[in-house]
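Below is one structure, written out as structure tokens; the observations come after it.
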Amino acid sequence: MQRIGVFVCHCGSNIAATVDVKKVVEMMKKEPGVCHAEDYPYMCSEAGQMKILEAVKEHHLTGVVVCSCSPRMHEATFRKAAERAGLNPYMVEIANIREHCSWIHKDMEEATEKAVILARAAVAKVNLNTPLQAGESRVTKRALVIGGGIAGIQTAIDIADAGYEVDIVEKTPSIGGRMSQLDKTFPTLDCSACILTPKMVEAAAHEKINIYTYSEVDKVTGFVGDFTVDIRKKARSVNSDKCTGCGVCQEKCPSKKSLNEFNRGLNTRSAIYTPFAQAIPNVPVIDRDACIKFKTGKCGVCEKVCQAGAIDYAQQDEIITEKYGAIVVATGFDTIKLDNYDEYAYNQSKDVITSLELERIMNAAGPTKGHLERLSDGKAPKEMVFIQCVGSRCSDNRGKSYCSKICCMYTAKHAMLIRDKYPDVNVTVFYIDVRTPGKNFDEFYRRAVEEYGVNYVKGQVGKVAPLPNGKLLVQGSDLLDNKQILKEADMVVLATAIEPEASVRKIATMLTASIDTNNFLTEAHPKLRPVESPTAGVFLSGVCQGPKDIPETVAQAGAAAVKAIGLLAKDKLTTNPCTAKPDELLCNGCSQCANVCPYGAITYLDKEVNDHGIRETRRIAQVNSALCQGCGACTVTCPSGAMDLQGFSNRQIIAEVDAICR
Amino acid sequence: MFKIAKNNLPALFRKIKEQRELYLPIRAAEQVNYGVYTEDADVALETLKTVKSPKDAFFPQSETLYTCNKEENKWSITPEELQSQEFVVFGIKGCDVKGIEVLDRVFLSEPVDTFYKARRDHGILVALACNEPEDSCFCKAFGIDCTDPKADVATWFVEDYLYWNPLTDKGNALTEAVKELLEEADDSKVKEQQEATKKIVEKLPYMSISLDGWNGDVLTEKFESPLWEELYKPCLACGTCTFVCPTCQCYDIKDYNTGNGVQRYRCWDSCMYSDFTMMAHGNNRNSQMQRFRQRFMHKLVYFPANNDGMYSCVGCGRCVDKCPSALNIVKVIKAFSKEGGEK
Amino acid sequence: MQELVTRAKELLKDGTVTRVLGWKNGDLSYNPEPAFFETEEALSDFVYNGFCGANLSKYMIEASKKEGKTLVFLKPCDSYSFNQLLKEHRVDREKAYIIGVGCKGKLDIEAIKKQGIKGIETIKGAEMTDACDTLEISTIYGDKTVSYDDVMLSRCYSCKGKEHVIFDEQMLESRDTATKGRFDEVEAIEKMSPEEKFEFFRKELSKCIRCNACRNVCPACSCRKCVFDSNKFDSAQKANVDTFQENMFHIIRAFHVAGRCTDCGECSRVCPQGIPLHLFNRKFIKDINEFYGDYVAGEDIDAEAPLTHFEFTDREPNEERG
Amino acid sequence: MPLNENEFRPKIVAFCCNWCSYAGADLAGSSRLSYPADVKIIKVPCSCRVNPMFILRAFEKGADGVILCGCHPGDCHYSTGNYYARRRMTLLFSMLEYLGIEKGRTRVEWVSAAEGVKFSQTMNEFVETIRSLGKNVRLGDLRCKN
């Protein structure tokens, strides 16, 4: 039996004007377990807290109920006060008789009656409270960043600058990501490579940063502060230590017909390749599917021409196992497949391209060396049509329901750059809305319209049809003038929706990080914890969390880094003691709890038990209290009641129910 | 001896009910159990075996003993009132009458169970002889004559009449109360039927079972028999056999939290349950084999050893009918008979 | 049936299995019991006929703890239970050698007796070699015949199929016994007014004697210790003074097995008071099918169980049934 | 509202999740948005903590209505808790309806921390529904012994 003290706060007149606090005190004295009750004008004041301290000493209290404002206000205050008095802080419960009572009821009798019942429920709960100890777990002072685009690079640099080791895992042969494929960036029209390359070099040169390119995360175990990750370094077939990056192998490679991924498949590359000139590391990889040596066993040209002797056909995938305290996901995006959008003739005509393809065409290192020309016949276009929201803001199931956010701005950029460089080209943009919320964004868009004479048409394009003359017939509507538009265009550019990189799903599963229906990673809280995953120790950087442009990505990358640094700076983590706890003798080992745990906190162990004299090995649930956040989903799934939640146990909640219904 | 026409029975029931609560077999949701007689009750007196035995009338499945209540910091304890009104249990078969005799041995010996005694003192048993015993019946093995039940009143259904024969003072008092509905009768028809029924009894499949080998000092021999290890295996550890049994008398005492105190009640318990006689240190029978053995050893060895050789099985056959795994006391008896040589 | 014995003896002899789990002849013509056989001689008592209704899958929990393999005979519907237990890690596939046996519909002795048949001496026509259309019953009150299809367990009339979902080998032919939709009874209740529903269930539940047979026979109710036996919820196991406890028991029991119940029908078979307990489980199965898509517990051990899974677009609890 | 001896005062238990609905109730309080005192709130970490046994227990002990409030689907603090709660309650409520229990006695509402108004309105409506249904006799009475 507990010895409970009940403290009823007046909150000035906030409570006392509506609730007869004296009566609550008198009624509480009759409750089982209560051996002291008093009221005070301001329990949260130092003097009020002293009341608790004194009463604990005088009456040898083991539990405390404070009838006051919401626990969201002062639960922590009173727990600390109890701790000062030598009690376990979790022996305190709050009866919320202000927000849930005095402030919403006018009649004193009624409010007093309710206050008594709320206090009674709190007393009933405290009677079953047990002291809880916050646990501790260690923190490995090393971070893993998954993805080597601008988000991953920036996060890694920020974490490394704070003095922590960081590993970047990038699945392609070079870091740089999507940003390295861009030509110019809005709204300043900086050259993308010019601002990205220094960042890449900085990351590569940073003594605290270790980059694994052409590598993937294979397996993740552990939990916040103590993850263990297997990284698969795919066989490059080139010894990175020996390679000088001279590029001769690529020149001499006889297999040159592989689609160039970096140029979005608009041209081809050799079987041994670096994706782009500024690649980091500047070490090629052999595409074993394309390599003649690997396909037929004959060839070996690259090995012969390599002065450094770096070619290593026998190289195997290598698994590196490393421990991390924090993991940042920065897996980025890709454009959606356009198979569902036959009306735009993307698959029929080479002159219908995505905006990202246009970036490559506009880029000096691209398939056309930066000349704007039709891919079908190499002719310079005169009439260009941009179609917005291809697959974005889609109400049917063909595309994405969300706004891809960046398209309005990059289309304005493209239109402006084309009009600037090729003033004879007419540019028409079909749009649903033009969305330019961002610093200098609307000004930028207006310049495109006003200074560069880009023709913006509010309306959607119903069909793009290749014509026998090689042109494209664009059929659209102008909603403002309410008329149909038929336009012959030389090129059509589709502002294709972006979606999270396909590999993110597998990564999210490994991390037990939740993912939404669009494969974007979910935030711990959409407003207040936007760069954290609900899974402790996992942070989100860049487009893997939601569509965003470069400055937003960089900002979020920094924010994610700060969150990771905040974690790594700690030597030990204090864990929430209100976690799930299985009764090992009742556990069936059925795995249902593990199936609903959003944090992967439940694992199973074959364990020897002594169940009242019956000794046997059983499959038993184990809760990792460092991972468990205390939601309680497992407790309801457990049919035998083996799984219970400390601080909100079945019997505690039932005691509250009973007290209220009494 | 008296008799009353079958079609006049509702009048008899109404008449009894005027002064005394009446319990008799009632069909509800397709099952027949003893229940309180009401005008619209579907009385099923012809039923040979109710699902539950009539022991509820004296030893209810659950009954409150007393209630503790805390008010204004003061505790009050209110004992439950004892039975003080007379009541009638109508239609009880020979085996079940014997079952109540078994319960009497337990509850009326020192220390006397006051709740049980009050009910026994106020209860009048009107027994009904069997005339179409069934395949699961084996009362004869326990020396019970199902054609001649010994209760406060014995009755027989013969043709269109219920024959009525008071045997005790209580029976006479009840007869007196309903006399206006009864007519005098001679017992020749009853005797005729008794003979016929006895012939049927001889043909029942369980007629051959014998309790030889269960009497005398057999405790150690039976307790240590390896047969139990085989016999118990299909047992699901449910309480069906216990709860339909007319003689099982184990109960548990529990407290129900009323919010302001507790209601202390007792309820039937089953030795088949894993928490039967659970104590702080655990359970003294922690395997189902031990619990299974306990049930039958109690019925056939321990109880008779303490009660002048009276077995605490009456051969009603309810466990034979109801066990989900088709286990029952007959299979146990037969298994041991086989062991000691084919009987 | 003899081929089952022959096969079992072979498997015992060649050491594939160390014991056999099947059914053993009873002492009446209709009460065979589940049994373990450890020797070839013991198999002389083996039986498999129309009265072998018991689902043996739950016994495999204990058998999985023993040394060596157990040969178990599973009827089509029992194989779902075994699979579900496998999904929940309660049985060990490596410890089981499963012979999927055919089923011609299982008989309900209560239904036979309800036809006014008593004093049964012998019953003919319930063997697997029989056509299973007519039972010839000799009783001490004379000989009777009864149509096999009139006296089956209620579950057999809405049999969910004669396919085994897990087995090592299959033996004996099955017979299609389904004549009713699985959810006909549930639908009939759903159509009742609230008052009628309430009356129906009150009458049925009032019979409950809390013997726990339904729970203890249920392969889904395989908890080491039931919540109603522990103090975790302050819920008394035994008959309580407060009469609501019994309702709670049946509702919660059905809830705990929702998405796990394979509808084997054992609960209704064993209830001494004939409470149609499957109506609770089937209601949940029907709701799950309607709300979250068809799901058959035990069919696929890798399938996402409906209550440990969700869709963003799931219906709201307050929504009226459309 | 003054207490009136004859008036039916239902007992209503409201389970509120800590992160959204309990905060929503706090906001209703600080905004002085009244609702009947019949409603008593029990704080749970998440709607997925609410076991059907708690709800039946409340009815067993004489509650006339039980309402469960949680974060809006998609906004769960634990990301998925309310989705599980939604399925569980959907099935439980459907079962209670199947048993002939008035559907109105149980309810689930998603109330965010910002929805003080919705919290108050929800409680007002729910109490009104329960008052019109009257005292809960059926649930306590489903098993009636002789």
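Every chain is named by a letter (A, B, C and D) in the order it is written, and numbering of its residues begins at 1.
Keep this in mind: a contact is a pair of C-beta atoms (placed from the backbone, for glycine too) under 8 Å apart; a residue touches a chain by one contact, two chains touch by 3 or more.
Everything numeric here is computed off the predicted structure, so don't read it as measured data.
S.K.: Identify the chains adjacent to both subunit B and subunit D in the sense defined at the top.
M.R.: A, C
S.K.: Report which of A-B and C-D is connected by more C-beta pairs in contact.
M.R.: C-D
S.K.: From the C-alpha centre of subunit A to that of subunit B, how far is it in Å?
M.R.: Taking the average C-alpha coordinate of subunit A and of subunit B, the gap between them is 68 Å.
S.K.: Measuring from the mean C-alpha position of subunit C to the mean C-alpha position of subunit D, what distance in angstrom results?
M.R.: Here the centre of subunit D sits 36 Å away from the centre of subunit C.
S.K.: Where the CA atoms of subunit A average out and where those of subunit C average out, how many Å apart are those spots?
M.R.: 47
S.K.: Using mean CA coordinates as chain centres, what's the subunit B-subunit C distance in Å?
M.R.: 30
S.K.: Among the residues of subunit A, which are close enough to touch at least two other chains?
M.R.: 516, 596, 637, 650, 654, 658, 661-662
S.K.: Give the residues of subunit D touching no fewer than two other chains, as numbers and ranges.
M.R.: Where subunit D meets two or more other chains at a single residue, that happens at 51-53, 57, 61, 74, 80, 84, 88.
S.K.: Listing for subunit C: what residues touch at least two other chains?
M.R.: Counting only residues that touch two or more other chains, subunit C contributes 206, 225, 227, 233-234, 242, 307-308, 312.
S.K.: Contact residues on subunit D for subunit C in the complex?
M.R.: My answer: residues 51-53, 56-57, 59-60, 73-74, 80, 83-84, 86-102, 106-109, 138-145.
S.K.: Can you tell me which positions in subunit A touch subunit D when the two form their complex?
M.R.: On the subunit A side, the touching residues are 70-72, 96, 98-101, 103-107, 109-111, 113-114, 117-118, 121, 514, 516, 522, 524-526, 534, 578, 596, 598, 629-633, 635-637, 645, 648, 650, 653-654, 656-658, 660-662.
S.K.: For subunit C, which residues are in contact with subunit A within the complex?
M.R.: Against subunit A, subunit C makes touches at 65, 88-90, 221-227, 230-234, 256-257, 305, 307-309, 312.
S.K.: Going by the contact rule set out above, which residues of subunit C touch subunit B in the complex?
M.R.: So the residues of subunit C touching subunit B come out as 26-28, 31-36, 54, 59, 113, 118-121, 139-141, 203-204, 206-207, 209-213, 215-217, 225, 229, 234, 236-242, 266, 269-270, 272-275.
S.K.: State the interface residues of subunit C toward subunit D in the complex, per the touch definition above.
M.R.: The touching residues are 186, 189-190, 192, 194-202, 205-206, 208, 227, 233, 235, 242-248, 251-252, 254-255, 258, 280, 283-284, 287-288, 291-292, 306-308, 310-312, 314-319, 321.
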